[in-house]
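There are structures below to look over.
Each of the next two complexes has subunit A plus one other chain: subunit B in the first, subunit C in the second.
Let's turn to the complex of A and B:
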């Protein structure tokens, strides 16, 4: 315990005694993030208030060879910010300022702990917003968004976090502070692109410059009800095929609708629906009416039961609240649920949903499907009861099976939630050993001692890789 | 001969000795290889890696004058026979193509299906998609559609050791593992040879218009305030490109500053935005509008203003191209600075810059004694405002006298570390990239 006490003392010298947690009871809420299946306590949690403090903390930990994990709001869904045991968590929630808005150049500079939705709220008065809008945007931080390359409902048209980050200040694994980006296409390899979505394994982001966008002149939102998932899926493909790029194109199936209607933001969807689509078109007002007409036509051709356009902002907001709280709403119809995050080519939607249904039947676990249908990003919610022995493990297995289905049709194992600890093994569904190694080699350039968020994101080396490595060391 | 082993594996015409004459752009090879499959690329690289050969990958040759201080490497690796569309998924708005496919070929193919790859680089009939991505080329429309880094979703690469490595995937949204695609965009072929690329597409817009505003010479502040007003409005231009009077004259016959504003949307939305411009037109400015095919033709001409590198028929050995990166609106000042500098140096300069995206390009013709000071002056102007200037085209003799990339950044050891990890024997494009990578 002596060494630990010395460490805590040294950390406290840097950040102040009030900014270090180390007592067992204080560490409990840091045992996991939004991925609650895995829990391990960290060694301590520190709350630096400045980049300089982050750098000092990292230098200390680097010197002592103690692994560390950067953490934002802890809303991540794949365990990226969860300790594997004994790491020091560097929480960035005290670094939560909006540093600067440059209206003319349409950019904002924020600290990593600044909450996503606060950015949009801060620039709304002049008609601007920040585009990436993960469902957890009221709580999640922009630093965390960068780590996960977060998406959201509106990334179909506007892209994900990586398309909106213009510059970063970083603290490297050895404590060095560097600035990257700032102007477009900075000469050199695109480190900013590499860092975004690296799940806190390459560096700690301490300042972020992001693009802010002007609100579209107009937007219209359509709600369409279907009595077959297949019809709804075809409607999605048809909308894309006629040349419309909606701002958002969301789908929920029967079980998901049951969930959201039992949750805190029911809309009053009619009973017995098999699927609904939430479609939003935005842009120049003069052009929207025609696009809405075409969308309504497509829905009718695909046997829509009922289709309506939101009459006012209040109705639109209600529909979106219903959709965006779909995950927590599952709590109303199931004691526990596991969110999955697969991606498929959107043209394969009907066939994949059929296979997911088969998996559900075979396993006996209900699966609710909520997803960003426009870009083929599925969020199957696997409903289970953790009190029943073995059901948690079964849910995890079912999740993995669903990802295998996605991978097999040419898709991916994660579209926006990240790999973390949850999907490390599933990385093998889509990458070969050599391809994984190509990535871990890049990690070694930034994080040679694997101290920064160690043993995340990649599967454990397979036996043959270990043998190769051993031979290489002879 | 060193390449005997390869000779046996390839048809005779696939590996040839390069005629001994000096190429003014350098980046030449003793031999030139024309692999037509991924397997052949891999064989060549593996051989080069094992035998300490230096390899210069090449697409259409439009970027032959971009980077590099060597006259000749061992092997020029032409991707010109590694071309074609591998997989097109219309419903998913994605396409997979081989690296040697020209931008025009891709564009024509997609047009039949009412879709497009929204990258608008120079010389689309010569430039290959592999080269465009490796050199990170882009055009004015990146304002709305993004650049290569925003559209690329997957790669098949041949690493210098011959391994085939896939990065990314074939779906439009994907965060599995590191976003390795990004490493290769703009890497100047220094890490791996790109074999195939998967890219996001967009539907062709239903209607297109191009508004060209002309402002009297010297009045760039008026352009700045108008561009600011547009950016702060809710209209959605696809380009907001400022042209120097010399460029505007060449393309449009008016020796005045130009502001090129494209709209691509459904017809009603396009018309509305053109009307908006008319309503808000600044006092001294004149406006002309081109629509549909006329607009396309204008962009075709625009794509031909830069040096076309090694392509036959080009005699630009005393021409240079500069790419300047700045904050968005600073691009206007960059255009005006380059234009005035050209007048001072009495050099022929054409310049354009994106007021909404911060990339400007200047092409200068003249004697070496004018070109060098031009680069230096533009660079220090850009750097003093937090930007950079990169020489994207110059004859070899000039590249040996001026640092193409500018000063190394503070984080250079990371860039060097990446190179060392992926290409430890420095097989690919040695000394072609920043800091001598």
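Let's turn to the complex of A and C:
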């Protein structure tokens, strides 16, 4: 208790008393992020307002050997910002300024707590936008997006966060402040590529330079209804096969549609659908109509029940709000849900969905499927009720089984949500022990004492690895 | 897969809500902790603290129900710092009824931790002593009128006596409207329709509204009768109880609700028209408040079905577009309990656009709370002041009028105009419509 008080006092000296939380009731809200299966309150939460304060806080924690976790809005879905026990959370929400927009070079400099959608809103008046658009973009921060290498519906055509970050200011695990990047394609190792998606295990990002893009001249959005998931899946493959790269190509299945229609942003989809596709094409005006024609043709060949093009921006926005709130809308039909984030080769979609359905039947848990179908990024939403004994564990097991299916067809265990706490063990589905070790060695270069977001992202060393190591020493 | 499950199922623990009418489990289990509400919440934007956000508050409400934390001061603070603006309900993808959860939690807190000191005295005096009693309210109104008219106000201002009050109360004193004769005293119980009677409606005159903003009630009656509606002003109506429910005094809120249900159902009207957003929202939620009341539960549903905001009422049942011109630039502020509480955004704007001469200028973040929030600006002056400053930064520079549909907002926005040295006047939407009808007479039509 004495030591805790001393820590709080020292933190308060750096950031001010109003910017440190330490009472039990105040900490309990920080026991999890968007991944609610694991809960553990932090030791304290501290709110630095400047890079210098972040550095001071990190130096103090480094000196005292206290582990710490950077946190943005806490919308992450894999537990990246959730404490495991004893960590101090460094919340970056007070660093929420747009520092600079360089219109000529089409880039913006933001603090890590700046909210994703606010960037687009801030540059919209001059016809620009920020491309990565995770569904939580109303609330999630760009710092968090960098940590998770966040994607979104429009990443099919425009790429994920790492394709849009040009430079960073970092506070290292010892409190040192460094800058990396700044010029495109700098010589030497791609440190920004390494940092983006490192889930807060290598450094704390305190300033980010990102690309902003000119709004496409035109865009058209199509909504297509199907009475079989297989037809919808084939339509997805066909659209890509004929050479169209849609800006977005999204799919929802029957249970997902039930969820969004029960939620706060219903569209009024007809009842009894098995699947729907939301397809958007954008670019220069010439050619858009032709692409739409071809897409409509493909849908018809694949037995679409009904297909329509958004008549105006209002209708388009309504379709997107419906899709983008799909995960949380599940709250309207189930007390809890667990979202998975598998990636598969697009061509294996029907087969994988069939296996997911089998897992659902076997476990007795309903699974709603929402996915970025264009890039094969599945989001099975496993619906459960945490109040029923054992159901939380069952949901976690089902999630793991689904990821195994994805890995087995040559896919991956995460597309954009990160590994965090949730998928640590599943890393073994795609990496060998040696590959995991190689990565933890890289981590040790930046984070030698494992103080930065400790024990996340990689599985705990397995028994056999330890045995092998021990044997090696003999 | 090794998952350490650190949740605490309710079945194994005991709720720390010990009184009847606790926060509904169905409502808080709908929250999936996604965080989409964060950026809509004025107190989160101000503090950056998770427990001062809708998601954090719902998490705490759930934690008390699971017996994980006590019903103590640490819980009381975030629950009472909530403005009850319900912007989070608009943002929430799964439709969590945050406002209602907060109100239920407040009910539990007030039973567990009764107010003490000056807060208890002020609360008891106003919430139990004055608001529910029309005569006492009128007496208070007369006292304020005496203060305003007798020269006392001039004297107090001149002698600098007001400087002894906290700044937020000084601001409030400065913008307090001149007390008018309440319509309950000025009008008969039934105001007949002009021309052919289209419908018989009742008007909720409100408690503070009728004393401080009697002219808005008068404008509402003039507009309604001009459009062929017979207006009943039930004499037995009382304060709607919203302030009580917000403050955690659910018993008094329920008592007032029952009395209003009796008063209005006896009036034999098709619709009950309300010109105060907060009151309208509260009346529509009587079924929720009285859901376990065997006698009034069903009556509350019938009652709530008749409630319509005045702008919605005119749009739904017809009104004559005014011919008189009001040449002015107006911006519209969405009262939280219209936009978020009742989903009313379009109708008031259409009313304004229909007035010849009115130029509408949209305000960014028009549905962001102004910080009035019932009596929040008195109980939480610091936070209310910050929320107001934020709101004022969005009010377009060059407007002459800021129009809205809630008296609490009108007082708060008037304080904002004064505090920020702006020149715009604050007006109720229906007053502007009334002015346009008056102008018809002036131009000889």
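Note that the second predicted complex is superposed on the first by the 466 of 474 C-alpha atoms of A that agree within 3 Å, B and C clash if a C-alpha of one lies under 4 Å from a C-alpha of the other, contacts with A are read in each partner's own complex, and residues count from 1 in each chain.
Throughout what follows, a contact is a pair of C-beta atoms (placed from the backbone, for glycine too) under 8 Å apart; a residue touches a chain by one contact, two chains touch by 3 or more.
Everything quoted here is computed from the prediction, not taken from an experiment.
Of the two partner chains placed by the overlay, only subunit C lies in contact with A:30; subunit B stays clear of it.
After overlaying the two complexes on the shared chain, residue contacts for A:75 are found with subunit C alone; subunit B is out of touch. Look at A:263: by the touch rule set out above, it reaches subunit C but stays clear of subunit B.
In the superposition on chain A, contact of A:188 is made with subunit B only, not with subunit C. Within the superposed three-chain arrangement, the count of touched residues of subunit A is higher for B, of the candidates subunit B and subunit C.
Touch criterion met: A:346 reaches subunit B, while subunit C stays clear of it. Contact with neither subunit B nor subunit C is seen for A:59 once the two complexes are overlaid on the shared chain.
Judged by the touch definition given at the top, the superposed model places A:425 against subunit C, while subunit B stays out of reach. Every residue of subunit A that touches subunit C in the complex is listed here, in rising order: 21, 23-26, 28-34, 36-40, 45, 47, 73-75, 91, 93-94, 96, 113, 115, 136, 138-140, 263-265, 325-332, 335-337, 386-389, 392-393, 396-397, 400, 425-426. For subunit B in complex with subunit A, the touching residues are 89-94, 114, 136, 138, 146-147, 149-150, 159, 163, 165-167, 169-183, 185-187, 191, 202-204, 206, 228, 231-236, 265-273, 323, 325-329, 356-359, 386-388, 390, 405-406, 409-412, 414-415, 417-418, 421-422, 433-434.
Subunit A makes touch with subunit B in their complex at residues 102-106, 127, 148-149, 151, 155, 159-160, 162-163, 172, 178-180, 182-194, 196-198, 202, 214-217, 237, 240-241, 243-245, 283-288, 290-291, 343-347, 372, 375-377, 410-419, 423, 427, 430-432, 434-436, 438-439, 441-446, 457-458. Looking at the complex, you find that subunit C touches subunit A at residues 1-7, 9-11, 29-39, 48-51, 53, 55-56, 59-60, 63, 68-69, 72, 74-75, 90-96.
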